[in-house]
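Look for chain A in each of the two complexes below; its partner is chain B in the first and chain C in the second.
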Partner chain A sequence: MARLNDDAQWIVLMGFIVSFALFFLAIVISQSTVVGQTTAEAVLEFPKNDIVNVRSEVFSASALSSDNLTRVKNDISSLSLSRKNAIVSFRISEAPLGSPYNKTIEIHYNNGVTAYDETTSH
Partner chain B sequence: MKLCDGVKRNDRGVSESIGFMLIFTLVIVGIGLVTLYGYPMLLQQQVNADKRIMEKNLIVLQNDIKSITYKNVPYKETSLKVSGGSLTVYNTLFSPTSSSFRISDGSSVDVTFHPGQLQYESINAQQVIAIENGAVMARPMYAPGSVMVAEPRWFSDTDPITSKTTTVIPLIGLNSTIFMSQTGVGTVRMQVSTTNYTEISKPALSNQVTVYYTPDPNIYNFSVAWRNYFTNSLKWTETAPNTYRLPPTDTLVIKKYDIMVKSL
Partner chain C sequence: MVNTDGQLFTIEGVAAGLIMLMTAYIIVGTTSLYTPGDSHISDMQLEQMGTDALRMMNIPNSSATSGESTLQKVIKNNDTSQFSQTFLSFANKRTGGIDDNLQFSADYYYRNNLANSVNRIHFTESRIPTGGEHAMRVTQWVQVDNSAGTMPAGVDTRVQAVLVEVLVWRD
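On to the complex of A and B.
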């Protein structure tokens, strides 16, 4: 009988370790696609530019006379509803007495996913 | 063979052929187990993976539809691989007609709409996943019940400035010039064709705004998914089967989009 040669058992051990490592790596990789997609979706959904644009329009409208302001207000509401599918409304009032600002501006934005409300002074 | 303490070991019982047979039996049993249990499990895994991939693919298509409808993008195309089943477009004029939505307040509004469907059917997975009216829904093929995978964007908003409630209902129809179906690698091309915008406010609008959903009478019924969406997410009340009453709203906005699926 030939003697059992056990010099190379580490090869078998290495084989096991490598196969288990590959298995776990495969699990990690399969999860990563899901994470990437949901994160990308969340970024895509957030209407940052829409809100920034509405804010800028509202701030520039705050200098208008009350007649023109009503018109601009209706225009902004209808346009954002028809073009961007978002409900936008705002109110510009005189700042309370003693405040260092002239106007108080309230903005409401909602597109069904993101709702944004702001009260600010100008 | 001699052991360390000098006792002689008898190895006449050690046989090479018995050892070989033992090892060979182990190998055969191993192969048998893999063939009988491992391989079917692997196939099942593949089917499940196909199903999950298609669920994701349809969410990607839903995002394309969102871009086309809500973000004024005129045209979108996405390459995808349909595996384990087929992807079919049933257009709004498909006969016999598929499911429909009717929105009525009893007096000034009465809109009936056929959304059409983009539908993935997998015989292996016994699964149907569909995009209908901007929602992604899934259901088993031969069992009742359905589930909403990704919700559409119907919403109600109460403005804190004016205290007015507005309900926005987008109706998204999928159209095509011909009846199309595909499997394997393909490109889904979609283009916006027509849009229509209706806005009705009180006092013309009554408090009895009702949405009626008529499920597909022929094949796949997604009424459970819509019911869960209407009653749980939107908090509408179900007054009769597939009939939903909206809470009183000051303004109702119905936006109709017609998306042309150019190719699959």
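On to the complex of A and C.
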């Protein structure tokens, strides 16, 4: 029967250190296989392109006459709701007197997960 | 009989057992296979590519205030072949080597002002989808002036915003 002796403690300690190092490297490798997928899921879920697109459409609509603007506004709201499952509304008003800008534009976007509100003057 | 022999061996044995268990757990975890459903990475690239192609088409061709984009002209004049040609060229050209082979099917949606209804017009496609494709939907808002009535019958003759929806897939 082996007796308790204190030889070779350094070898045992080094063995522990090396095995724990391998263990943490294995964790890093196992994470690397899923990182691209979670990033892609997050990118797909976030409606970046929708918001950018609605925004540019609202800005180009701000040059329309008031009749056309009302109709285009309804177009954007109805089509967003039925095709993109998003509530989109915007308002274009004259900037307050004395302001260096001509118009104030307010945009509201909400698709149930992501909400975006903006007030801009131009 | 309890004695104090072999404590170091016992501790070492327990530690080695734990290390082996954890290593086995991680090794099993690293070998998970990607099924076709886990294709988010290529989906993301496809969506970005299609959106970029449509956005490029929707940039005005001149700096004049009346300058229309290719996409506006194409929708307004119902010019399906021009759409097909431009979209495929934007989506498939590479800086070198052979072209990519993306295919598309394009619709657009408009609102009827009187009935306040949303209607679809099938625009054009490069290949008729069979339903088996793994397609991504990309969209673009387009503001068109249909005062001249050049769009298909049923579309209001007025300035309006239509939503162009394109299904894109890699063949």
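The rule is simple: the second predicted complex is superposed on the first by the 89 of 122 C-alpha atoms of A that agree within 3 Å, B and C clash if a C-alpha of one lies under 4 Å from a C-alpha of the other, contacts with A are read in each partner's own complex, and residues count from 1 in each chain.
Operating definition for what follows: contacts are C-beta pairs under 8 Å (C-beta built on N, C-alpha and C of every residue); 3 or more make two chains touch, one makes a residue touch a chain.
Predicted model, so just to flag it, every value in this text is computed and none were measured.
Undergrad: If we overlay the two complexes on their shared chain A, which of chain B and chain C does A:Ser82 touch? Say first, second, both or neither.
TA: Both chain B and chain C are touched by A:Ser82.
Undergrad: Which partner does A:Leu22 reach: the first (chain B), the second (chain C), both, or neither?
TA: Only chain C is touched by A:Leu22; chain B is not.
Undergrad: Using the touch definition from the top, say if A:Asp117 reaches chain B (first), chain C (second), both or neither.
TA: A:Asp117: touches chain B, not chain C.
Undergrad: Once the two complexes are aligned on chain A, which partner has more residues of chain A within touching range, chain B or chain C?
TA: Residues of chain A touched, chain B against chain C: more for C.
Undergrad: Tell me which partner A:Leu44 touches in the superposition: chain B (first), chain C (second), both or neither.
TA: both
Undergrad: Please work out whether A:Glu106 is in contact with chain B alone, chain C alone, both, or neither, and reply first, second, both or neither.
TA: Touch partner of A:Glu106: chain B, not chain C.
Undergrad: Do chain B and chain C land on any of the same chain A residues, and which?
TA: Comparing the two interfaces on chain A, one with chain B and one with chain C, the shared residues are 1, 33, 37, 41, 44, 82-84.
Undergrad: Would you tell me which residues of chain B are touching chain A in their complex?
TA: Spelled out, the residues of chain B in touch with chain A are 1, 11, 14, 56, 59-60, 63, 69-72, 153-155, 157, 159-162, 166, 168, 170, 197, 199, 253, 255.
Undergrad: Which of the residues in chain A end up touching chain B in this complex?
TA: Contacts found on chain A: 1, 33-34, 37, 41, 44, 81-85, 87, 89-91, 106, 108, 110-113, 115, 117.
Undergrad: Going by the contact rule set out above, which residues of chain A touch chain C in the complex?
TA: Chain A reaches chain C through residues 1-4, 12, 16, 19-20, 22-23, 26-27, 29-30, 33, 36-37, 40-41, 43-44, 49-50, 53-54, 56-57, 60-61, 63-64, 68, 71-72, 74-76, 78-80, 82-84.
Undergrad: In the complex of these two chains, what residues of chain C are touching chain A?
TA: Against chain A, the touching part of chain C is residues 4-9, 12, 15, 19, 22-23, 26-27, 29-30, 32, 38, 40-41, 43-44, 47, 51, 55, 65, 109-111, 113, 116, 118, 138-141, 143, 158-163, 165.
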